[in-house]
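In what follows, subunit A forms one complex with subunit B and a second complex with subunit C.
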Partner chain A sequence: MNPVEKAARDSNVEKCVQCGKCTAGCPSGRQSRLRTRTLVQMAYQGQDVTGLPELWDCTTCYNCAERCPKGVNTVDAIILLRNLAVQKGNFPRIHLSAIENLYNTGNGFPLSPEVAQIRAIIGLKKEPYDVSTAPEELEKVKKILDITGFLELVRGGTT
Partner chain B sequence: MIGVFLCDCGTNIAGNMDMEYLKKELAKEDNLIVHESIFLCSQLGQDLIKETIEKEKLDRVVICSCSPKHHGDIFKECIGEKMNPYLWEMANIREQCSWATENKEEATQKALALIKGAIEASRTLQEIGQAKVPVIKDVMVIGGGIAGMHAALEVADKGFHVHLVEQNPNIGGNMCKLDRTFPTDDCSMCTISPILNETAMHKNIDILTMTDVEDVSGHPGEYIVTVRSRPRYVDFTTCTGCGDCAKTDLVMEKPKLDGPLWLDRIKIHEDLCNGCGACAKLCAKQNDPPALTQKEKDAIPEYDTHKCVGCWVCVEKCPKKAIEITNVCPIVVPSEFNLGLGFRKAIYVPDSQAVPLKYLRDPETCLQLNGTMDCQGCTTVCKAKAPCQDTEEVRQLKVGAIVVATGYEQYDLSGTEYNLEHPNVITGLELERLISPSGPTLGELKRPSDGKIPQTVVFIQCAGSRDRRYAEYCSKICCMYATKNARLIKADHPEIDVTICYIDLRAAGRGYEEYFDQAREMGIRYIRGNVSEVLADGDQLLVRTENTLLNEPLLLEADLVVLSTALVPSQGTKHLIETIPLVPGKDGFIAPVHVKIAPVDTATTGIFIAGTAEAPKPIQECITDAGAVASRVATFLKDDQITVDLVTSHINPDICIKCGECNEICNYDAIDTEGDIYEVVDVACHACGMCTTVCPTNAIELRYFSDIQLEKAVDGILEKDRDSVIAYCCSQCGYNAADLAGTAKMRYSPEVKIVRVPCSGRVTIPQMLYPFTKGAKGVMIGACLEGQCHYIDGNIKEKEKVALAKQILDLMGIGGEKLELFNISSAEGAKFVESAEKMVSRC
Partner chain C sequence: MKLSLFPGCIAKNMYASIEKSTRFVFDKLGVELVDHRYTCCPAPGVFRGYDIDTWLALGGRNLAEAEKDGLNVLTICNGCYGSLHGSNHILQENPEKREEINEVLEQVGKRYNGGVEVLHFADVLSTMHETILEQKELDLGLRLAVHYGCHYLRPSEHHESLNVENPHIVEDILELVGCEPVDFKNKLSCCGAGGGVWSGDEEVALSVLEEKLAFMSEGNPDAILNICPFCHLQFDQGQKKLQKFNIPVLHLNQVLGMAFGERPKKLAIHTHLVSTREIEKKVKGLKKKG
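And then the complex of A and B:
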């Protein structure tokens, strides 16, 4: 069994009856190409979906998996398939900036001036407490990413 | 003297084994006589058996021929003419030997071992008698829905007396609530009404309404059922059902009450009232505080219904006849019969067409019964003086058989993505009431929130069904009843946009597909897509789904959403499962003892099931069930006594320590633990033998398939051939699978030799280990598939025992892999062969 097939099997795609409840409740699918039900069907039929760009449109909100009447782990499957996609180099370059941010600041989406303003209005501290405000913790994050070869992996992406 | 009869079966047996050698070898045995016949099952063969029994004064017979499943009954009858019909054994040397073995020499040796096993086992057999149990000819039917009524009528027509027990005030069940029925669009009430009346009038049926079953004791043929009847607080015999007591002027603008109401009992006609004040004075004399007061002279009196006790003096004495009774009973609550829609009074009948049409008072809301006031409203108005003080009644009824027809209810989807809390999200059964001419809107489709006619209606299929979170099964009737209701709406209001969101359309039944075709022609829109959620914006509803055939997420607007809610066992069904020995399936419905070949029998002899207590099903299948059940009941009760062959378990009271383990494992409630000693109820025992495996003192034993009988069968086989794998095969599946393999001439190693047991669950751990002490190479157990055990769960229980025995074999150094349980269905001959070969290769 190849890794894509295994990811599909581990996520119970064979239990899917194509009812469409996942796509129906998908907040991302209303705005994007993502059709969770179709992804599951393709995986069930043994197709390699790791090259599909919509794999990256899922926000992992778990609406679909929670409501799935048959217990298909749709979101876990998507996460697994994304990992496989990255290993194959199928990775949308658009996400690289978030990844570079993660490496450089410890936060994929660092504080923007607009968000800082909103925080001030609602009376929150100017900066959130996270790795970006704790330089010694940021070093640890970098160390983990270096050891795992994270940057090489994602920079090798071709999509 | 043992008579051994060898059958050639033409060449089926004799063609693949050396019969002369067998006869020669068998002749070496003491006290034994051998005969051969070309066809032992023929008249000639049977005569030979009978003559030999007489002539040689045989005390045991061993038939060496085909499978006992094939001609066992013929030989049993033949031998039974001359001696006790249980003093014989059968060696299966055809299906499990000559047909299953390639090599003639090997087949001969295997046959010898099998025959020797049968001879040794036959020596242990005891005469088996019969028990006769007296039968009570009365029957109880629990549940007065369509299945229960029909069963009661069928049974009553056969001449048995029926107690029909119904928890509600009226019979008819859910079918009474339906508007029309698929696939003919017949008016449900018109269909059921004659049945209601026939049931009520039948001389052999007595109906116990408002009655719950509290306990069942006794045994098949003589059950003692304790029933408790709740009081009606209205005399059943004198109430004429005229409805004077429930008179009302309430007109509902929308189908749903916002809450309980306390209405005015009287209306003062201002055009007639001259303000004389007589009523107020009389009221003040009778009641403190008074309900009628006159603030100033000549003024029209003021009325406070909360103080009015319904004495009606004002109505009688008003010189101008200006006061009219509007509500005898002022209390209004949502109607249970209408599933919370519509209303009823504190004194009420569930429905105007209820059978029996006898009023009752609800002690919770009746002002007199709940102690709010000394209300005299209905008691004074009723000409028959029927309202009364009443007490519950507990009775014990003796019946020979029980029919359970306690039905279904709708799954409660409150608090889920379907937004059932919203007044305009309703269930299928609620819609039935909304479109029924006798319902709260008199058949006008009005949405509950504001009474407007909805312009868009969305049906949501599989709401709770086929869903691991709620009910995993398909509720079977929803595709058709939603289609039916959609058609009825469309026929009445072609302008209404009707959509059905479905996963799979299941229209399997006579006329169903055609019915569905017509629905599409009528303009009903089917969207293949499950619904993810129902959102609300005020009274307006939004339904999120996907058109899966277009790959398109959809947001549908709806004025009314109808959930085709999953059908689940009713509270009554669940209560009964806890009260009497019934076995629920994984789905919570009452499981039949065998889903195919005994669909209306339960695990308890003499207790049968009909209708939706067993599974969701349409009305016609409930009727079919009811007919089948009546036939089963009549067969069961046809004689004055039930005769049982005592192949059952029995308890030796001298060594029984009354620990109750046997009672615990018994699936048939066949152990009587009430008396001084524990006893097996022979008529309830299915002779599976599971009880014998758990008794710590070996006090309980099967009379047939006894421990010693099985042990000697193993001894006999191993004496002739130590290189054997003993295969304990259950009579229901494993043994049949082996027969099937032989019939198909599938060959497997002659080392595998089968010992028949009633159920795999009858094989004890000592019986698993015993063959090894005699030199056997391995032991296998052939059991039914999981979930298909003919004794409910013998194979599951056996699995645990096998796991333990494997550990013991590991510790003994023999190796746990030399013992294995295989789940094989009757139809899986090839799987038996595969299992047998796997076992041989391991040993």
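And then the complex of A and C:
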């Protein structure tokens, strides 16, 4: 079983009857190349879909999974396929800054000096009480990310 | 009641007005909010999409912080709710996975035993109607287009108490403070920002948003009402990017804050991109009860 077939099986993809309800209710598909039904079919056939850019156009709204009459976990499938794409180094680099932010501050969106100012003016702690202001805890977060190999994973690859 | 506040990156670092309003409102309601050293939830679209195990490990670390103090977690963002509720579900239901994640957490002296409940603030508010009425000082009289947002409603199997086909829990709260919900087509649809699309494919994110805004604007609401800072950001920044529409955007806690008598300026709703002046004017002109 190749990894795509495994991801497909873990998400019940074999139960799909190709009714197309997922595609019909997909808000992203109306604006992008994402075709959920086709993606499910290709994954079921074990085709390597990890290189398809539209894999990253799913907003994870769960409309498809809710509407599927057969209980296919379409969103789980898409997330698993994204994980595989990342392992192959085949993913949009545009998210790397959010990932670096996570590693360096613990937050996907870090605090800007402007918002720090607003926080102080409206009576919030200027520096939020989180890991970004607690060096010892931040080190632990970095260690967790080092153990799971997250940075190595996203810094690898070629595309 | 005492809960651990999980403010989330956006309310904390971008729309501080939402964090401010949350603290004001829950203080009025007599709920004590405790702070913990949290990280990003981490975001379910980007980070889970990159590596499920990393997402679970950081989610588990966050949950472990609250568990140490025996507290449940209060989220004020659908993304945080979806992410933490989702990782909690896996860590509670799947002991093998939990042990695997705990092997990582134990290397930094932490452990999660599955003892925390992740709450969405709208669900908590829905149990406090009487206290909300007691604290209300103003009937705001605002006409609001309610946006629920995907990760509050779905996956529905994770949210059994909710009528996901036709939810009215937010409308019920708004009616307590004299606001009128304005219906629109495809009300429960996506704002277009989730799944990493907001940062990954702006064109798609904005087209989904534009369709939604067109339906919302038909009813001519005073503002768009949301229960998620990420949807909030998408509506507020998105209208500027589209250079179209001009509908103020309000998080439910901002509305309650004003209804509980706090001045809009003190809640800093004027720090939004889409002007909130009309809202501020309207609220200023109202008479407090008593």
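Note that the second predicted complex is superposed on the first by the 128 of 159 C-alpha atoms of A that agree within 3 Å, B and C clash if a C-alpha of one lies under 4 Å from a C-alpha of the other, contacts with A are read in each partner's own complex, and residues count from 1 in each chain.
Going forward, a residue touches a chain if its C-beta (ideal position, glycine included) is under 8 Å from a C-beta of that chain, and two chains touch if they have at least 3 such contacts.
Since we're looking at a predicted model, the values are computed, not measured.
Participant: Would you sort A:92 into first (subunit B), second (subunit C), both or neither based on which partner it touches?
Facilitator: Second partner only.
Participant: Mind telling me which of the two, subunit B or subunit C, contacts the most residues of subunit A?
Facilitator: C
Participant: Scan A:131 for contacts with subunit B and subunit C and give back first, second, both or neither.
Facilitator: second
Participant: Between subunit B (first) and subunit C (second), which, if any, makes contact with A:122: first, second, both or neither?
Facilitator: second
Participant: Could you say whether A:37 touches subunit B, subunit C, both of them, or neither, answering first, second, both or neither?
Facilitator: The first partner, subunit B, only.
Participant: Output check: A:108 vs subunit B and subunit C. Expected answer is one of first, second, both, neither. What do you get?
Facilitator: A:108: touches subunit C, not subunit B.
Participant: Kindly classify A:70 by the partners it touches after superposition: subunit B alone (first), subunit C alone (second), both, or neither?
Facilitator: first
Participant: Contact-wise, after the overlay, does A:17 reach subunit B, subunit C, both or neither (first, second, both, neither)?
Facilitator: Once the two structures are laid over each other on A, A:17 reaches subunit B alone.
Participant: What is the shared patch of subunit A, the residues that subunit B and subunit C both contact?
Facilitator: Shared contact residues on subunit A: 30, 63.
Participant: Looking at the complex, which residues from subunit A come into contact with subunit B?
Facilitator: Its residues touching subunit B are 17-26, 29-30, 35, 37-38, 63, 67, 69-71.
Participant: Which subunit A residues qualify as touching subunit C in the complex?
Facilitator: 27-28, 30-32, 56-63, 65-66, 75, 79-80, 82-83, 86, 91-92, 94-95, 98-99, 102, 106-112, 115, 118-119, 121-124, 128-131, 134, 137, 140-141, 143-145, 147-148, 150, 153-154
Participant: Going by the contact rule at the top, pick out the subunit C residues touching subunit A in the complex.
Facilitator: 7, 9-10, 12-14, 16-17, 19-20, 23, 35-40, 42-54, 57-58, 61, 104-105, 107-110, 150-151, 153-156, 164, 189-190, 192-197, 199-201, 203-205, 207-208, 211, 266-268, 271
Participant: Which bits of subunit B are touching subunit A when the two form their complex?
Facilitator: Touching subunit A: residues 417, 462, 466-469, 503-504, 528-533, 544-548, 551, 553-554 of subunit B.
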